[in-house]
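You will see chain A twice below: alongside chain B first, and alongside chain C after that.
For the complex of A and B:
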């Protein structure tokens, strides 16, 4: 317990002083991307990893968050920073009917229904030009010239999402999430209202995806439907990031985000658009040789030395 | 009205009537046995009771309350626990976590749920397996885990579906001891079992079904001597030859 506390403190301290050590604004940009992808991964992992409701459409929540912020500026001319509240709330509000409908489906059917949800959102935001400005997207003004404020806001968002998942997974809800993932019929027979608990998992997941989206809008100052609602570049990529880092592990999505962002920056300059291909190959290799992802394997090794793992749900194979 | 009562239960799967107008009732604190050849509809009756399947007809009452329209989790909350004949462990959770998931029905506190689960694991002789993932347990232990998980929800009525099937004689003995212990703790039991020795030894009353219909009912003694039952199990010639 104590060791965990020290470990966590050191990580947070490093995260706080990092932009003072690495002052290049290009590297700071990479850090901020990692924070955004990390938050998205953590959010997806709660629903897909721990609760077993694999979603192929989380871009819907990311995009709604981003547009929640963007549309405020576009229509009402108020600061898109208000979107940090409006965006995630919009994602949550939309997630509720989506959950109530899609959770009737199980396994691959749920995944595909979510894929459809993501694509429907992309089409609506592309076609409904008067409201969304369509494919031209939304452009806002930069708030800060320095990367530092963005870095710290992103860090707070990521840590908040991790803390939320940590608290949930250390409670009864966490046990229920994993029970639902392992066998929904058993869960029902143990008195678990499975649809309700899936909603309890979906809502924070949509919230943090939306928050990541709203932050992305504020940081990038430009969004368009084909970017924020992208099936391959957002919905699928989140899953890749989480698989890489470790499904159903607390820190796995962050590790996955670091690997993904760093690799895609490295290869983008040398390989152009083929960098996605390289990333795909790496994901395949990870699935073949480290089926539990980086953190999943690390946890397994740790467990060999210490018999009783206490955190629920990280045992993946 | 009885403690637990099934009235004119019908369950159809398309053209197949798996349960055809079955009625029975169970008195509080008793063990009620349900037997019948393979495919006669025993598991289907269980699945109707805890609303794993919707009924095609009939009514079910528990403590004067009609329960056949309630969702599965509500039925568990009312105090009816069940095991699955084809075991359904929460595979990647440890044995302890499996049982805790049941114990959370009565408390949201982690420590309390854990204490309850450890107590139940001890009761079911699974304590030393508590930190192992459930998927690695032997079949005998998986069957016991089914019982332990259901017990952790503190049921008043427990449905046991072939918890001794596929076990060797020694494991069967242990399973019987556990069932006896459950009964002494005051829990009412509805049990399905193929091992006749088990059924005859522990049931207060037995109902026999074949092709989804009741063919006999009575004390274990009455059942072993019943012509219809012998016919159903051993064929026409045996019944006549007797």
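For the complex of A and C:
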């Protein structure tokens, strides 16, 4: 426990002093992207990883959060930072009816229903031009010229989401979530109100997806429906990030986000548009050979390295 | 009234071609019990094969069916044999691992095509692309009519194949009960490979038939994947005839949505039908006939 505490403190301290070590604003931009994707991954992981409800439509919540912030600036001309409150709340409010409808379905049916929800949101926000400005998108002004404030706000958002998931999973609800994932019928027969606890899992998940969306809006200053509600670039990419890092692990989504963002930036300069191809190949290989992701198979990987040093016979006993 | 008939005919013809794509997906769903998210990407690859045939070798799109369908059959078999089948029996936290793998495959196929052909829109212009004939005062586009007829021929041929041939019967047996089929001496592993190949070939067929009236770019697969899900759920998982009626229904619904609601919202009509069917008729049309 003490070891874990020190490990965690070191990570947080590194995260805090990192932008002072790396002063280039390009690298700081990459760090901020990692924070956004990490938050999204952690949020998806709560519903998809721990509770086992694989959602193909989390772009709906991300986009609602982003538009919650953007529309405030667009219609009321107030700072989009208020969207950091309004955006996630909007995502939660919309998530409740979605959950009540979609949680009646299971497994692949649920995944498909969420896919439809995400696409419906994208189409509505594209077509409802008077309210959302349609495909022209929403443009706001930059608040800070330096990247540092964004970095720290993003870091707080990410740590908040990780802490929330950590506390949830350590509580009674967390055990309920895992039992729903492992066997829903058994969970129900043991007296767990499964639909209610799926909702308890969806609401924080939608909240943090919306928060990430609102932060994205404030950082990028420009959103349009085809960016924030995108099926391949948001909904599916979140899943890929979490799968890569490790499903149902606390730090897996963050590791996945680091791999995804670093890889895509690395290959974007050398391979151009093929950077997603490399990422896709890596995802396929990870699913085939490390089905629980990098963090999920961490023990196996550790063992692999340790085995080289120690006597093989000690493994047998 | 002529607008009504025009909309109906147009939707019906389009729906026939959608149905061909969806039948491919429903076959895979029935046998593998997974949703294949790479299906749209397979349609897209089939369309690019046809595009290459037409653009570089001057082969007519309908003749190119004989190239694109075998090519995709082969590709589908390879995908199933060397990636998806290796996951069977592997321990993982999420049971949907095979589904997620198809997402990865979709990404790889889409990005490979983007690398080769670039992101710009392509189209195939044949001599008959814009031409049409009139039935009463309703105009019928010739490529759509040809596509519809060929799609129906394929659907019927597939129906005969599934009910009469030995492999077809094995496919249906595996879809009904995999364990029992294995006990009866069906090589289930081989059947899954053939099924995936067949599904991919049908996807390529549908894509090729659509190409004279559609445009083409690497991300077009996403639209088809959503459409074929809607149709599969409408018709009931694993039901060929259900997928046919589902396809026609979706085509007509989209067409009416585009005419009477708004062009941009026609896809919303499909999704709303999708969610309603999921909630109130989860077995699709298949469950109606069984009662």
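Throughout what follows, the second predicted complex is superposed on the first by the 298 of 317 C-alpha atoms of A that agree within 3 Å, B and C clash if a C-alpha of one lies under 4 Å from a C-alpha of the other, contacts with A are read in each partner's own complex, and residues count from 1 in each chain.
Throughout what follows, a contact is a pair of C-beta atoms (placed from the backbone, for glycine too) under 8 Å apart; a residue touches a chain by one contact, two chains touch by 3 or more.
Please read all numbers here as calculations on a predicted model, not as lab measurements.
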Which superposed partner A:277 touches (first chain B, second chain C, both, neither): second
First (chain B), second (chain C), both or neither touched by A:199: neither
First (chain B), second (chain C), both or neither touched by A:296: second
Chain B versus chain C as contact partner of A:287, first or second or both or neither: second
Which superposed partner A:172 touches (first chain B, second chain C, both, neither): first
Partner contacting more residues of chain A (chain B vs chain C): C
Contacts of A:186 with chain B and chain C, given as first, second, both or neither: first
Set of chain A residues, in rising order, touched by both chain B and chain C: none
Touching residues (chain side chain C, partner chain A) in the complex: 34-35, 83, 86-87, 90-97, 99-101, 103-105, 107-108, 110-112, 114-115, 119, 219, 222, 226, 229-230, 233, 262, 264-265, 267-268, 271-272, 274-275, 278-279, 282
Partner chain B, residues of chain A touching it in the complex: 170-172, 175-176, 178-179, 182-183, 185-194, 307-308, 312-313, 315-317
Chain A partner contacts - residues on chain B that touch it in the complex: 50, 52, 71-73, 76-77, 81-82, 84, 88-94, 97, 100-102, 104-105, 108, 110, 113, 131, 133, 149-150, 153
Residues of chain A defined as touching chain C within the complex: 48-49, 52, 54, 101, 104-105, 107-109, 111-113, 115-117, 119-120, 123-124, 126-127, 181, 231-232, 236, 239-240, 243, 247-248, 273-274, 276-277, 279-281, 283-284, 287-288, 291-292, 296
